[in-house]
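Presented below is the structure to which this report refers.
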Amino acid sequence: MPKPKILLDPHSRKSEWLFAPEEWQRLTDLAEIIWGKDDPIPPESFASVAAELTAIVTCGWRFGPLDALPRLRAILEVGGSHPSPRLLDYTACFQRGIRVLSCAPAFGPVVAEMALGLAIAAGRGIVEGDRLMRSGEERYSRAGNQDAFTLYGKRVGFIGYGGLAHSLQPLLAPFGCEFLAYDPWLPASYIQRQGVTPIGLDTLLSTCRVIFVLAVPSQENRGLIDRRRLELIQPDATFLLISRAYLVDFDALVELVNQGRFRVAIDVYPDEPVPPDHPVRRSHNTILSSHRAGHVPEDFRAIGRMVVDDLEAILHGLPPAEMQSAQPELVGRLR
Amino acid sequence: MPKPKILLDPHSRKSEWLFAPEEWQRLTDLAEIIWGKDDPIPPESFASVAAELTAIVTCGWRFGPLDALPRLRAILEVGGSHPSPRLLDYTACFQRGIRVLSCAPAFGPVVAEMALGLAIAAGRGIVEGDRLMRSGEERYSRAGNQDAFTLYGKRVGFIGYGGLAHSLQPLLAPFGCEFLAYDPWLPASYIQRQGVTPIGLDTLLSTCRVIFVLAVPSQENRGLIDRRRLELIQPDATFLLISRAYLVDFDALVELVNQGRFRVAIDVYPDEPVPPDHPVRRSHNTILSSHRAGHVPEDFRAIGRMVVDDLEAILHGLPPAEMQSAQPELVGRLR
Amino acid sequence: MPKPKILLDPHSRKSEWLFAPEEWQRLTDLAEIIWGKDDPIPPESFASVAAELTAIVTCGWRFGPLDALPRLRAILEVGGSHPSPRLLDYTACFQRGIRVLSCAPAFGPVVAEMALGLAIAAGRGIVEGDRLMRSGEERYSRAGNQDAFTLYGKRVGFIGYGGLAHSLQPLLAPFGCEFLAYDPWLPASYIQRQGVTPIGLDTLLSTCRVIFVLAVPSQENRGLIDRRRLELIQPDATFLLISRAYLVDFDALVELVNQGRFRVAIDVYPDEPVPPDHPVRRSHNTILSSHRAGHVPEDFRAIGRMVVDDLEAILHGLPPAEMQSAQPELVGRLR
Amino acid sequence: MPKPKILLDPHSRKSEWLFAPEEWQRLTDLAEIIWGKDDPIPPESFASVAAELTAIVTCGWRFGPLDALPRLRAILEVGGSHPSPRLLDYTACFQRGIRVLSCAPAFGPVVAEMALGLAIAAGRGIVEGDRLMRSGEERYSRAGNQDAFTLYGKRVGFIGYGGLAHSLQPLLAPFGCEFLAYDPWLPASYIQRQGVTPIGLDTLLSTCRVIFVLAVPSQENRGLIDRRRLELIQPDATFLLISRAYLVDFDALVELVNQGRFRVAIDVYPDEPVPPDHPVRRSHNTILSSHRAGHVPEDFRAIGRMVVDDLEAILHGLPPAEMQSAQPELVGRLR
């Protein structure tokens, strides 16, 4: 019997980034790869194969209505978030039982490590300490640690208790932190059973020593953390902007941190690349990272492994085990 | 019945650094504090009280022979290492059953956090990434992570598997690292049962991706990690000098790292303060910290709590539970 | 605005078993309870309310086709397994986006504790040891432990790596066991990343010291563990029948264990109650339990909490977080 | 240079019980074995070798004063508790720096597993449930679980927070228990940092659902848990007598449990073997075990491994890492 046909059109990712050789071998054993190049497939080429496709591996959605894809059983996206409902007809997907899968879970551990690293770097002054050693202004031992603090036993707040928080919490657990979370999409008792106290956003901001912004952007949370809320943050707290700048009043954030209101570590920005003259580049009390939390080459290939695992499951008539299935309730809420 | 007399002479520490108010209260309830100032007690003052002292809280040992201290039951040192056997007569201590206790365990967690923070900062380019953002040279996402690596699943080597390693291992455990250790003072099967593979030093250096120098200085390990051994380290490995520069050929280390042989994070130096013109200040592929791993003010008071806990135990005729008792076999070996 | 109408018809469960007072309060605040009695709702009564129902809390499915339920958004079953596809039209559920939720996850921890307790009881001879003390035939210390073994470091096999195994594995983790699993519904690399080695069933049976049968009954696994496979089990192994007798050739199991081939602990039987004269009642090398692993009264109310949490989520337009959603791929496979 | 001479006189243990072949090989490579038989060495034979012995591996102490042992550096006892101070001159040991080591730590994990198994068996009715299945009186599911309870989230009390508690706590941790401990030999803040609440004995007995007696017998704790204290135990609690009957008013315990006051699991008795007509044999609400918690043959050889490891360390001039060193403060307190 012929192998099922899979469209592999990962642009703007590259197949070589996604698949380790052994995963590529498994993939090609499993299915007939259509296209498989790093440029987007031309519309006419797509039209000629659409009717036979069992699954599509891609970023976002640029393939129009699903009527042209009668055999489609799965959409596996390798960008990091489900395709926009403005582009993909999710209602048709759910009615036809087409799985819409995101590789977002692949980023959890890698981003969590960066978030932890930035939190320790901020609390222990690792970036500033290196600068002082090079400028000859360093101070030693206690004298150099006047503003330092450790994570041990601290109150930590998660804004958004989804995949990133689930990857970060075990890294913080050995420090004996107290965990709080704000997540309006989850039942309080579910959060509690994870060893986390569900809490209102204002209370989280005003009482936590370390605050991680981990929520995905939604219709409801644009600018959620506005100036008023930023002003609730304690002077000696660290605020870490990890998931998306979209959730924060970024100008207010830069302004407040430059006033020395609290410490900040930032990996994501309203516009990337950040404009050359953007004030954040000259900000104080900040550690800046250029959207580097997620994409570490050697770990990136976890995406390919997930894609092959779940494709294999689906082709065997089993549910996917690794990628994140789109949920009917959330599709309309995501941005 | 009168309270036992305790000499509190913590110089060069300060009592206020060591004791939180509630611990100070417990201490003064427990014993009559003699001296208790931050300057060293003058010899004549000491001579006038020596005969009545039940315990001495101090750094190092500057009180001469033990004959003058007939009632002494415990020496609690708050500097971080047992007094030198050249100054303190340990044989007399062991024969008289005088406990010689070090607060070294108080530093384990704080130093371990810094070691983890430096390891992540080196692997993820946190220090360099901040510098590039400020100079406008940053690159984003994958392009900015060409040399980045995570701790997940990496082979990690501990040089010295004592207190620091025991504090660091649980922080690394969630990353699923493979642990190796070189420690000639511990039985192989003991190390194995901690989930760590005992290994020779050369193999550790040549096979580990992340290497932590955590051993205490001894008669045997000065310059243990010499140029030949440093040259065994893999190009993409990170070498973290955490416990003491004494164990390493420091000049060779700086020279090799400047050749781009591997990455280094350094918290301790042969001479501190580091001379203004020392080449390490201009080194590449390094993260520099000015001996700031251990002494974080708010955590420092763990020392006072340990001192009071163990003093209380000893005065009640119980063994100390928190500080580190000098071991007859090791006294002669420590430096 | 009026509260949504929820049919509460938990027969053969009882509402009082399911809902702690505080959960009952939350439930009634959230929705208008229809019926709510412990007997099944009469068809005519159901017919009169069906059109207005937003959700149904029940065991199994006795409400016919879904056409009569135009507003239905969720079916929350409180029996422990999804309704039979012979009774419920899952295709319609998936097309209409009706959530079909099972309380099965509520049983995981309770069953896992019993499975662990039976495994220790078998390895340490707890049941037999008590009998001998009462009959005066006991032997002490080593003499009484000739056949005893501990779980420490043993090779443990999970037949079925679903919810029960996920609840049991953390209870076994502190014993440093080596974990193997046979589960044809999961990708090998997914199992591996849980710290478990995926393995063939025959190898599992012939190499594990402790074997847990944890799989749910499916179209494919009736009598999966037949006489030939049972004969693969090592003489000193313990075989624990926890999920369903359906997976095993039960007569062969009793016969082999009576020959002293291995040890067995059994909580589930082909027919319950077990016939008075069934040979299993007189079996040797066995620990028998009367289907008591799952239903512990004080823990049973976790079901009610899950029902209210997920109902709340669904009524707020959010995905359920606690109960198990029916998966299109599995519906046809479950029995 | 000649090998050091070690007296191996383990009576009433047997060398074959203690040493796996590979450990025996290590031992004989390390030292010249004197005697090495399972009967006690005759006094005259001992006298002829005493002067040359570097270490003695034995149970208890039957070798008289230490003057006859000028070269002795270590006493390694393989019975499970340090030799009685009435037989061994500890003062001389401490003055001469002779290590007195106990193999007690080898028993921790094995006893902890039994303690956990008994706790689950009592809470889940495993012993009684098996009896009922055999007598045909069993009831199923909820009806059979009216008195059952799980460990999840329960308040657990440790009477004695030494080695056994340290081995048991990690086995209970996955159940999310709340831990309390009574141990007058440990500082409260030390206990707290283990995640355990230090508490008075009466409060522990009157508030815990599961109570483990784990303390070693001392001069101070004979009959510590007397009738008055036993009467504090809650009706639905389980009381587990694991370490020594010496700590409990045993007659009162049997009497109260027969009144149905609470549940009990017993592994240790005032007299062993228990007299044939002792009422405990006919007691209700009890699970009885004949001092079988500690001595499981395949795990017993951990003792030999510890002996060889620590002997090796000591002969290399290093401190022992595995066995328990006698503490001057405790010697006089132990019974």
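Which chain is which? They are A, B, C and D, in the order written, and residues in each are numbered from 1.
Following the convention adopted for this analysis, a residue touches a chain if its C-beta (ideal position, glycine included) is under 8 Å from a C-beta of that chain, and two chains touch if they have at least 3 such contacts.
As the structure is a computational prediction, the values presented were derived from the model and not from experiment.
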Co-neighbours of subunit C and subunit A - touch as defined: none
Of all other chains, the one whose Cα centre sits farthest from subunit D: A
Where subunit B and subunit C are represented by their mean Cα positions, the distance between them in whole Å: 50
Centroid distance [mean C-alpha coordinates] between subunit B and subunit A, Å: 37
Inter-chain touch pairs (all): A-B, A-C, B-D, C-D
Subunit C residues touching subunit D - in the complex, by the definition given at the top: 17, 109-110, 113-114, 116-118, 120-121, 124-127, 129-130, 132-134, 136, 138-142, 144-146, 148-152, 170-171, 173-175, 272-274, 276, 281-282, 287-292, 294-300
Sites on subunit D touched by subunit B in the complex: 94-95, 97, 185-187, 189-190, 305, 309-310, 312-314, 317-319, 321-322, 327-330, 333
